[in-house]
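We call the chains A, B, C, D, E, F and G, going by the order they appear; numbering starts again at 1 in every chain.
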């Protein structure tokens, strides 16, 4: 299954950080970890805005990006948790 | 009965997922299941926006789409539960 | 008494559905029924928007339409319950 | 005392309906009656909008209009209760 | 001290109504009276809007106006209670 | 330390009124006094608005102004309490 | 790791004030101190606004700025607490 986002949205997948321990060295199960804010861009929308004009994206497929913690809608694609977010919820591109 | 949506709305019908069981294998009756987010586009509106201009749609009849969980107004057409939603509440098009 | 709606409003009259019974076959008195969502367009406004421009309507007198459940203001015209609603609260036109 | 409304406001005076009785035939004192929604236009504003442009009115002095129940500001002019409302709160013109 | 209001604001001074008694004839001390809605325009702003354009005022110095009860900011000028209000909070001009 | 405000903001310093006593003649310590609304303009912003255009200010350095009581952000500059406020929160210029 | 902010955002790092003691001379641990409002600009966004136009920034890399206390999103870059904020949340540039 493939998703083509509409409008100024992009499809991203969060990058899981390396295994996380609490400060006391205790392993944290999944629900206690803070959700990662890094994500990879999987697909761009068609860029059309509310007036029907095309706005060029500032990110491209494969970019690693920082996303705001609570934006977007979670979608399951082939069993994998992805996120469709508005480009405006991407804070910046990670460059190295 | 046929519905021609007005404005930038589209008429969609949710795609029921295959039979769903809870993790313990118990069959879940209809009211306990999460509402599906996949839908088929049945009809497009006339595309007119608030200023009276026509904005072309990014979806077409027959498209499978992902819709946000809480958008739209439910309407019963010939006994079938459909949904009239604004195109802006379609997150993306499912392509395969 | 005749009403000429102002602006982008239309005057509609709800279509009462055929007599409604509860699932157990008990006749429901008027206050327990859900308000119908089908309506007939009785009169169009002058179409003027906030900037004083005329926006053409997408419906015409006599059209059967679907209206959102809570929009509009109820008015009694010659003893009959009518509704003045903004055209934007008409979800679609019923075509058959 | 005369009032010239400013902007896209109009001065109206509610039309008192004929004496009202409850269904059981009991006379209702003033405070228990529902406020009437019919009004007569007494004066038009200068029509200037926020950008300083003149927007022509769709009503004229003497028109009988339907007004929304809660809009407007009540003013007492020579002891009579009047109402200054935005033209946008006039739902329609009564034509007969 | 003189105040030149900025933007589309005007400086007004409320007109105290003649001595007010309650219906039973009891004199009402100042805090129990309803604030008057009539005011005199003392000074106009420079008329500049948010885009830096000058919007001409519809009132002039000396005009008696009706103002909405709760708009504006109270300022004390040479010991007198005045009010700086946006012109949009002036409902109308009193003409006689 | 010097501050150059950004955008349509200005830097002001409140003018402390002459020593204030309560009506009973008791000296009021600092925290019980009402914050003064008069201020002196110390510096103007660059005047750039959200679209990147320059909007000329209606005040200049040294002007005494009336400011709304709750606008602005307090900043300490060289130990002195100043205020960065949007020009829109300046109600008027004090002229004498 | 380097971050290129998107849109009209900038990446800043707060400047820690010199060691702070309470008035009684007691050293305040980190969580009891008020968050500093001074910051250094580390990187500018691409300046693109919602319409896809480029708006020039009023700050540049290396500028010391005053930022509003609660704006922005905290991000950890190479273990250091930084902040991605909208340029509109920068109150002013510190000039000496």
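Worth a mention:
By our rule, contacts are C-beta pairs under 8 Å (C-beta built on N, C-alpha and C of every residue); 3 or more make two chains touch, one makes a residue touch a chain.
Predicted model only: the values in this text are computed from it and were never measured.
Separating the centre of chain C from that of chain F, both taken as means of CA atoms, is a distance of 53 Å.
One inter-chain figure worth recording: chain C and chain E are separated by 43 Å, centre to centre, where each centre is the mean of the chain's CA atoms. Rounded to whole angstrom, the centroid-to-centroid distance between chain F and chain G, based on C-alpha atoms, equals 24 Å.
Listed for chain G are no residues, as none touches two or more other chains.
Under the stated contact rule, the graph of chain-to-chain touches is a ring, a single cycle where every chain has exactly two partners.
Tracing the ring of inter-chain contacts outward from chain A, first into chain G, gives the chain sequence A, G, F, E, D, C, B.
Put simply, chain G touches chain F in their complex at residues 37, 49, 55-56, 58-59, 66, 68-69, 87-88, 90-96. The touching residues of chain C, counted against chain D in their complex, run 1-7, 9, 11, 45-46, 48, 50-52, 73, 75, 84.
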